[in-house]
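Got a structure for you, questions after.
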Amino acid sequence: MSADAAIPDPALVALRDALRRFAAERDWDPFHSPKNLAAALSVEAAELLEHFQWLTEDASRNLAPEARAAVAEEMADVLLYLVRLADKLDVDLAAAAVAKIDRNAQKYPVEKSRGSSRKYDQL
Amino acid sequence: MSADAAIPDPALVALRDALRRFAAERDWDPFHSPKNLAAALSVEAAELLEHFQWLTEDASRNLAPEARAAVAEEMADVLLYLVRLADKLDVDLAAAAVAKIDRNAQKYPVEKSRGSSRKYDQL
Amino acid sequence: MSADAAIPDPALVALRDALRRFAAERDWDPFHSPKNLAAALSVEAAELLEHFQWLTEDASRNLAPEARAAVAEEMADVLLYLVRLADKLDVDLAAAAVAKIDRNAQKYPVEKSRGSSRKYDQL
Amino acid sequence: MSADAAIPDPALVALRDALRRFAAERDWDPFHSPKNLAAALSVEAAELLEHFQWLTEDASRNLAPEARAAVAEEMADVLLYLVRLADKLDVDLAAAAVAKIDRNAQKYPVEKSRGSSRKYDQL
């Protein structure tokens, strides 16, 4: 059930390096405390959500091309802050995600959670 | 200044596939509309922020190991929902992030934005 | 179309005073910078949203009594941080809300916005 | 330690009524499911946080007049969605807030929480 933790992630490493250069060139490191990056990340997540807030679920499955492009740009913003925060905290994002899938598999056993959106402590 | 868009991202693909299996085994696809996933993503981003809300910026740079592990787990949650949403919307996350770095480089020219946290429309 | 700005708000004043006492008794004022309070407010707003993230819109209109009570408690958290932030920034919340309704009436003229969820700059 | 639950809140009632008229005139009620309103509220809370994300805590205590006015407008947006959601769910906001202060007083006893930002389950 788990993804293979040994798979390398050159794309995430390349993003990390590009963001390091971007911040260094602009002297932005003083602003990039983990606290500030976490705030910025949650602001971007909300900008992503804003695109969906008045849509029905069905409409959200059928975005027009321009809406989809705008949504993709907000998703990029979230990923960029996430990669930047991981760099500052020395977290291996891909490994953390693989580990979390394994933990979720234990919290949500297939038999108990099938077809239910209940939280693990209410199964 | 840009990351190389051609770099493959096996880690993100592996996560996507693991999440597909996870949802399929539990019949969770009906819950995973883009609208719902965007809401869940922003909730996880807030849970990440919660760890930092009363910390000073300096303290956020020096997390104790347990706090750092808890933060890494919230970051994993954000990445998992982001990968899942990208799958549902058929968005190439890594390519979108590379494109966004390029756009940001245009919005924030080095000379104008050095040492400033002002938004691009206020430079 | 506007609410009456002159209406007093004894409930909001009483909450402000209760929160002042609460923080003073616990020496919490140093934590309550506007930046931190804004972060805490957005975390509480996400905890509110969490209750709805997997529900259909119809289900969200028909909460069971326990779910409704839990939701009311999260709404209270949002209001408390909002009142506390308003106190720290010396903002008259009720007056600001009345003024915003008037601005919204101009941004969303009845004829143009009827039955549409489009944003004012896309009408 | 508690605020007086019996205090009436004419300002909140006036806002509720103004928002009812506003939505009715624009046929917006179909969009205003509790789920959608909770999402919109959290988006506004993030827009509020955005003003503070790169500021130091000290700078957040000393906003320039234009920044303070912009922040007050975002706070108004949060209050308006909160009042609208309370109306849809038939929640008495002021009473819920008073009850929450009392619960917090029990969760955070003065002696145990003085000068500490730790969560109640970690006191």
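Letters are used for the chains, namely A, B, C and D, taken in the order the chains are written, and counting of residues starts over at 1 for each.
By definition in this document, a contact is a pair of C-beta atoms (placed from the backbone, for glycine too) under 8 Å apart; a residue touches a chain by one contact, two chains touch by 3 or more.
The shown structure was predicted, so the numbers you read here are calculated from the model rather than taken from an experiment.
Counting C-beta pairs in contact across B-D and across A-B shows that the higher total falls to A-B.
Look at where the CA atoms of chain A average out and do the same for chain B: the two points lie 3 Å apart. The mean-CA centres of chain B and chain D are about 27 angstrom from one another, to the nearest whole unit. Residue positions of chain C with contacts to 2 or more other chains are 31, 36, 39, 42, 45-46, 49, 52, 54-57, 117.
In terms of which chains touch, the assembly is arranged so that all chains touch all other chains.
Against chain B, the residues of chain D that register as touching in their complex are 39, 42, 46, 54-57, 117. Within the complex formed with chain B, the residues of chain C that make contact are 31, 36, 39-40, 42-43, 45-47, 49-50, 52-54. Residue ranges of chain D in contact with chain C, taken from their complex: 1-4, 7-12, 14-15, 17-19, 21-22, 25-28, 31, 33-36, 38-39, 41-42, 44-46, 48-49, 51-52, 55-58, 60-61, 63, 68, 71-73, 75-80, 82-83, 85-86, 88-89, 91, 93-94, 96-101, 103-105, 108, 110, 113-115, 117.
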